[in-house]
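Chain lettering (A, B, C and D) follows the sequence in which the chains are written, and residue indices restart at 1 in each chain.
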């Protein structure tokens, strides 16, 4: 495709031919992407320079939301399988996909720096023109929250879901809330971790079950003022009763605690990574909301957001309450020092090792 | 200092001579810096690998705290002057120093990523050996908070200040709290901004005072449900009475609002930057505390911190309450659209411009 | 728009009504933005999971390129004015816009972390399907380079501009190269800085011109092995001859050096910021290219890029050669210590100060 | 240690008692850390404000260097073992330690932002007082480079090692260069990967050896202009001859390529991570040097560094040449598409899986 030779062809032939080749701008559909910025302030003949940034940054957010939903869905698909072959790449794939989600979330947090180059006075130039649209209406973000495990009943400001969303969008949030979430899939996957089913494997500490031994060691590890923690331990790990308001069963919780404690065994490494990634995603979303609150607070002071909510208040409460994986974070309270851990029985060790 | 020539000299002469030259490791006193890591776990013969990171990262934090205090003090000195010559570099210097503080705070937030490579189990290996020491005891951080304007009475968890600090340190925090803070110095500096003293300058809007005109425009800008804001406006800008619990006087607040509104006039640019930098410092400290809460929450779950406090609870409350400059952030609520701003009188404009 | 009231309306009326309101997804044209990802691997029925990331990240890059071009053009418009009133907000606006460009470039550098979650094997799954499209074909990036001041003759790999671009795109790069660049506008703006015209103002150091005095001080500041630098100084600042291969005239260069030296005078602060921002943009673009080289190097090893160029080689050379503002960076070589600077005459000081 | 009870004790008893407790400032030896900043400009009675930053930032760099060396040495110890039990946590530990090194290196790159708040004029205030000390004299950094695998003969500017270092430091660099590096340990570890020894395991593709089959597939994957690559392939993977200037043997290289290709098998995941981490360390060091070059270039223009070298030139060449792990990066050139990979024999698969 040399300049000189092309010159000799007629334009119409050229157009035909070029389509056979892949070209960067066609492949990326840049006509759509770069043609989707119509400033409301321009339509009203009151050009506000900073509106372009406002549009572009939200569009990049939405593109990234699409990507993290795309990744998260494949993780769902893997965890939703009746069983995951430890020798297959599946768990590893889930870990790598979540790692990508984490890297993207870091960029999303970073992007707030760009939005902070817009001052309140700059925003005022076009702010009223956007009412009642608001970031609250980002359906992709709500879908991502739901994919993780944020249920409708746990969402802050439920009234906004009817007052600020189109009815079909309200319905969509409801629907997302009903499909199995990552948290639920994790619970089920933890419950069915194969060697956890085999009760025999868990005996062998001088005739006792591992968990009774561990409970005793945990009790010993508690300082004077902490003894009451054993009651929480019993309630969380030893009852096998389902409890209102809990997402993890005792069985799943034991599996997760075991993973925390013996994470260095090869077979537990990916499970350990997985749980930690979920905690990191929780943290990053919390940080994103938090920085968002602080920015909005500086930008609009004590006023209400474009959507009519007190944007700042909503974000602040969401930052404080919308953790999805805190039941995993709580497990840290029930660890004991590594050098006091019960040594695993050969039977259990064999179960967890490489054949080699 | 060539290798070959040196070879000819006796060792003892060489040692003498080298001292005359500046050498990197001497200049930086690396013997002290790199010789200050004694692992408690080593002393107790229970080497815990991650304790080195724990020590080193805290030492880097303290080095950076020293630097930001060093910078902040020079900003204090500038603002504490009876008057700042607008034609001198002083205000500009203050802006550049605070900018450095901001860049350092960004690194401090980032460093939490490094600490997060330590898991709860790794931390447990040496955690109990450190009791009751805790990050709460960082006197430099408390000094920095006080330099900004955090008063003893506004600190969360006042009981920790006696239970967890050595008496002389408790006293130091009390003392820091009494010296003029950046917030107080800003208030005084805003109050004495020169052309604000001259009442005549503020007349000239068809015989009215600027602030009455502005008040009217602000009232017009309020939407249906917002009309009550005018009462807050009156209380904050129009009374000139001092009020319990407020750090800024009405006079200072008017000056700050004027700076927000007319920031593009050359003489107001550095003041505008200054206020924004203080807001950014508030934000970065809040983000640092916030990320800290999340990390601690993952690291120690629901347990108490090494210092006996519920570390997580303390940090969370501090993150939510220890804002120092929120009275500046609130000003955003009282802006009006740029195109509706009262045009300044020639007299006022002249006052604010370059002679050139 | 309350849920209860909406319920009473028929669906068709509702649709009509909702269009009167602004809605987030309409405002952002999310149908276009989120509908522009068609995986080539899907078309060929060989779904490659990572192609989605590849498309999305490039689309975010292009959105940001649109934004930085949008900002840069307004800076051009400001600097292209016959004169900039120091008392107007114009220069300040230019500084703030470039600051935004800088914050965006930092995000662009950061985004490479996301692309690095794709491994070479993942890329191989769809790489051949994209040929001969390549990032080299990003017209917006080339436009941004040209807006800064990268001329056609300074571009590395000129042959690619005909072999890899559509003829109309080749032409566009040529055209961009001809419009006045930021570097050229800066040169002209520096040349016409008002008080630089007035020769009288520059006399007054015991009858001598400032620049002769400065030249002497610079000569004194040079160490033994550095004396030859004075010839370079003479060539760069004292000749007023235009020279092949130089973008800044001696006059502009003197103005810039003066700004570096006396930047603390209020009137020189924004000019100082402006020059530093251009240097920072140069640095960030170089870092972006550099990280890009390293990533590509890991991703495709020693192979040629999808566009047929040795992608890595091109990027590496561009990273090393495509600096636009290095003539400003060089000025650092000609500074002297602050405490040795000639004290400005009252006449000159007056010229540069605030009237107040 | 309650305030009320303490009040009753005499001061001297208290001092005795407090020593029994751990206190933050004692634990961290803050007296040493915060007492190690003596400004040279103060000694010479020419206080230069920015010298404090210069000292503090270099001290934080050295603290972090201490930490990354500490981590790297434990990775050495693991890889230096005659064999690593795949079922032990060792490899996993190595991966986690290198991950920490990577997070620290990211902070080190970020810190350059802080140094960039110092302008050339600020630096000039104390620059000459430091001569001939320079960052080149950081022995820890040189040790870290050597630990990775940078040999004396590969270092740029060998003359500086005698002209700018104290003789004992020159010797230390030489010594570091002789101890086994991470690159050498990786080579040996790859060579002895257990199932690579067993020739039988590698047969079974219709009677052929895996590598002949792979070679054929690679050849088929090459495009028209790329056919010559097969010669490079043969030289790199098929000869088993040692070659001048190569750090990896053919055997190690085959193992590494196999890891790249079949990384999803559980037993290959940590090896794959390990190699990628080394590449990332290479990249981060290159980026650190690169940003350093750009900063120095802006700071001192074309002048020589404080150590007498042309600091900028040295850093630039080091950035371009001091890659340690590029032989791993090159492997990307020899991959084929995943869907064309030879299916592993059951015998080989069994060898690599979990027992479970």
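We adopt the following convention: contacts are C-beta pairs under 8 Å (C-beta built on N, C-alpha and C of every residue); 3 or more make two chains touch, one makes a residue touch a chain.
Keep in mind that this is a model prediction, so the values were computed, not measured.
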Numbering shared by both copies at the chain C-chain B contact, with half separating same from different: same
Contact-pair overlap exceeding half with C-D, pair selected from A-B, A-C or B-C: A-B
Separation of mean Cα positions, chain D and chain B [Å, integer]: 35
Approximate Å spacing (C-alpha centroids) for the pair chain A, chain D: 31
Touching two or more other chains - residue numbers and ranges from chain D: 116
Contact set on chain D toward chain B in their complex: 1-3, 6, 14, 18, 21-30, 32-38, 40, 49, 52-53, 55-60, 62-64, 66-67, 70, 74, 96, 99-100, 103-104, 106-107, 110-111, 113-114, 116-117, 129-140, 162-163, 166-167, 170
Chain C to chain B touching residues, read off their complex: 86-89, 92-93, 194-195, 264-267, 269-270, 349-356
Residue ranges of chain B touching chain A (in the complex, touch as defined): 46, 116, 119-121, 124-125, 128, 225-226, 260-261, 263, 276, 279-280, 283, 286-287, 290-291, 294-295, 297-304, 326, 329-339
